[in-house]
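This report concerns only the one structure given below.
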């Protein structure tokens, strides 16, 4: 458990840097988390991915499938890796304030 | 002695560069504690999961710490549980008493073959527990103690148990070669049950168990989430075949309840197998239903304790009763079928509210499941193909040169060997078997079963996967095999990594993905893509010359 | 160099076997026993791969082949040692054992002063080439480690094992 | 180290018996007390151990299936490796007990590129184990000639077959050398292979040395030191008829007899219990009729699980929004 400063807000993050309380998320926190994942400024494409992840998580309680993320946002997988260098799970989900996805089969 | 100059032979004395002192100290394995170097253990269970399941001693701890924060009377707890298990399982008692250490199993474990750690020899993994049994539960042991192989239960022993009983994928290959059928998986299950009494568990197992308890599947997919996922698959199916499918969910009064491992809902290539199931059921017009409540065929309770296994498995019969189905079909999964074939009926049966499974399309009555009333999807599909109920065009799979990996549990806890092979031979023209001593009942494990398939366990999984990887590499070189088919969700996840390391270029596929790719469905459009939306070889040229003409 | 080459080529098999023995000595003795005994390639992939590939490397070394000829056989060996419980030095160090094996195989002819001085230059040259092979082995080791990390990273990133 | 411990124990026993046979007073101890104690320990221990197993329930049917299961009628199933009938199980058990099927399973005959046939070491383990057990059985039957009067036909028959080649006077028995040869191999294998030395305990070496000692003293008695059979028969018959005769048969016989008694006494408390264990091992002695016949677990206590109602209460509104049928609106 560690503290993370985002603008004037302070939030808790887990050992991998994921937000502990997803409901503490907002655009400022997102931008700050982006900094930790090599995404300094969130372009319109970034927000498209982050918002889709955010909405999906709020509705279904889990992160979406990679293929669904690609199909809904229209970005191919390599585009998503360009947008989020550490990938859909570690990068995009963290910025969208989702808990660390553990896709245990 | 005169100082030697470089041009004299004596100058170059034997450098002991490589004399690494790896040979064990003289007093043998009993006194070598486990070395918890980073990357050699799986992350421990997070407290919240143990709390949600009401299991003992939830706390933050790490195997690398010196103090594992165990309760004061941990020795007494272990002895009490040990005694209880000895009283409840004749197998445990006999396996403790009858091993003659003949060594027939010693070199059969994939972790020993790939890693070389002697304590991964099945006989020695069992001795880790047997030495404590001898010391504390046999009169001779109490008297002679160390002289007859007894060992005191110390903290190092508990650490050793945690280290080595989470390096066994419970694949039971050792029990095939043992003259008395001693099953190290059974001993591992007992050891893990004892360790859980002290709150020593692995997060990669306990999180799915907690999820499965709460939402009905390992991944925590909620009901509407599952519907959304299945509909997403159906969109892809429509792109490929032009046929629209509405996945039936929680439909009462259906003839069949279909349960598959939740890995098929999230992890490629399992998702393509899930699409294959739906296309098959659509084609034969089966009156079936999915269930969001019983949306997990797999059962990580199998790696925890008998009660947790029973708790998670109870949902399947309960849901079948609520929905009023006639019988149940199970998807392609390994551990799921170990639980279904050997534990489910005993634990949660009798399922007298169900009928003996009878295929509505071929009329075949599945006598072999007269009591459990649940059949394997490959048994069902093999029967369909045998009676010619499916229009198949194996040429659609001609670009696929496939080999088949017998998943451990279907092979050694059921004997499901010919059904998948019959199906693959019917849907694929080039199928090549791997060497004889690596398949069927002697199959080698993927190295990631029984809760070991997590990324922090990578080196151990690659060591464990080496025998299987070597066999895949062999058929890749000899027959140019490019796909490895299997009937298990964990295999479809972990074998991808095993193949990428040991036999790069070989993809992994489920059996029903092959079936769906080769199926000529009624009213389907010209197929230009396979289920992975990759263009089919034939289609590329046609597209090219369509473009030109 | 010619005298040395002929001498070594005469007992090439002995040299390769000795080298294999030294490599297997870096394992637990009882594991080494198994790695040596079990001849079936699929029941004992580690032992058999080491046996076959050490013979290939020795043969190509004595035939004086270019450095690229050692890439494949060494890759086979290093791929295995890269995921076993070895430090980088232990995993790659097995190549230097070839020097010990060479000296032990030539032990008798090196005993008398005169023959030893003659072989001196050739031996020095051979050992320089073994060092060069060791450096290649280290490159292969690092590429194998990178492969392991990329596989692990792929699983972490996708949240599950996602092919491609 | 553990081997020396075991060897030491055997030597002590031999000295004990050798010394005991010289001292007149101890005759009754070695001729009467020890045999009865040994038989009591053997029978008592065996029955107790088997009962302790039998009392323990078999909660789940967990056979290790080594062949195709019985499902669709057009797929032939493996009758003995994956039995679905009791007959199949009896067949599998017989194959295991009479021919050591599982030990034979891992004898991979491997043909090296040069055409040389390599027998993996496991084949020798199977062959030696089989040789030892069968020769031990034949010797056991042959020894009935000391305990029965008149000596039954089959004992005489086996004796004549065993000494078929009539080499030497008295003609040597093949099985005695087969036994010693097999035991020698099994012992050497455990000492030579580093793998086995690492896992072997004193209780593995003890029975090996014990049996070798018994075998050697037996051979010595028959061929080198003429011991008269009559007194030995009298001692043996005496014990069986509970009117023991204390006239000893000389040092060699006392040692041999004492070691056999030790074998009987130690039997139930050692790994020799695999004799009974093999018949009761749940992965071998049950048919794979798992889904056809329900296996009853005597301690199958109820376990609370999350019911559908609780599940629906959690997700009802989301299920309704998604159009998934629900029980309660």
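We just call them A, B, C and D in the order they show up, numbering each chain from 1.
One rule holds for everything that comes next: a contact is a pair of C-beta atoms (placed from the backbone, for glycine too) under 8 Å apart; a residue touches a chain by one contact, two chains touch by 3 or more.
Keep in mind the model is a prediction, meaning the values are calculated, not measured.
*Asks:* Looking only at C-beta pairs in contact, point me to the busier pair out of A-B and B-D.
*Replies:* If we tally the C-beta pairs in contact for A-B and B-D, the bigger total goes to B-D.
*Asks:* Hey, which chain ends up farthest from chain D, C-alpha centres compared?
*Replies:* With centres defined by C-alpha atoms, farthest from chain D sits A.
*Asks:* Per the centroid of Cα atoms for each chain, what is the distance between chain A and chain D, given in Å?
*Replies:* That gives a centre separation of 62 Å.
*Asks:* Report the inter-chain centroid distance for chain B and chain D in whole angstrom, where each centroid is the mean of the CA atoms.
*Replies:* 34
*Asks:* Where the centres are mean C-alpha positions, what is the separation of chain C from chain D, in Å?
*Replies:* 45
*Asks:* Going by the touch rule set out above, which residues of chain C reach two or more other chains?
*Replies:* Within chain C, the residues that touch at least two other chains are 28-31, 34, 38, 40, 43, 156, 160-162.
*Asks:* Hunt down the residues of chain B that sit against at least two other chains at once, touch-wise.
*Replies:* Residues 24, 106-107, 118, 215, 222, 224, 228, 263, 266-268, 437, 493 of chain B each touch two or more of the other chains.
*Asks:* By the touch rule stated above, which residues of chain A touch at least two different other chains?
*Replies:* 59, 66, 102-105
*Asks:* Touching chain B in the complex: which residues of chain D?
*Replies:* Interface residues on chain D, with respect to chain B: 1, 5, 49, 52-54, 56-62, 64-72, 74-75, 77-78, 81-82, 84, 96, 100, 102-103, 105-106, 108, 122, 125, 129, 193, 195-196, 198-204, 269-271, 273-274, 277-278, 280-284, 288-297, 299-300, 303-308, 311-312, 314-315, 318-319, 321-325, 327.
*Asks:* Which bits of chain D are touching chain C when the two form their complex?
*Replies:* Those residues of chain D that touch chain C are 108, 110, 112, 118, 120-121, 193-199.
*Asks:* In the complex formed with chain D, which residues of chain B make contact?
*Replies:* My answer: residues 24, 26, 28-29, 86-91, 93-95, 97-104, 106-108, 118, 121, 123-124, 127, 138-140, 147-149, 172, 175-183, 186, 213-216, 222-224, 227-228, 249-252, 292-293, 306-307, 310-312, 314-315, 318-319, 322, 340-343, 345-347, 349-350, 364, 366-374, 379, 382-383, 386, 411-419, 422, 437, 440-441.
*Asks:* What part of chain B is in contact with chain C in the complex they form?
*Replies:* My answer: residues 7, 9, 12, 14-15, 17-20, 22-24, 37, 40, 106-107, 112-118, 263, 266-269, 435, 437-438, 455-456, 458-459, 462-463, 466-467, 470-471, 474, 493-494, 496-497, 500-502, 507-508.
*Asks:* Taking the complex as given, what residues does chain B use to touch chain A?
*Replies:* So the residues of chain B in touch with chain A come to 203-204, 207-208, 215, 218-222, 224-225, 228-229, 232, 235-236, 261-263, 265-268, 270-271, 298, 300, 453-454, 489-490, 492-493.
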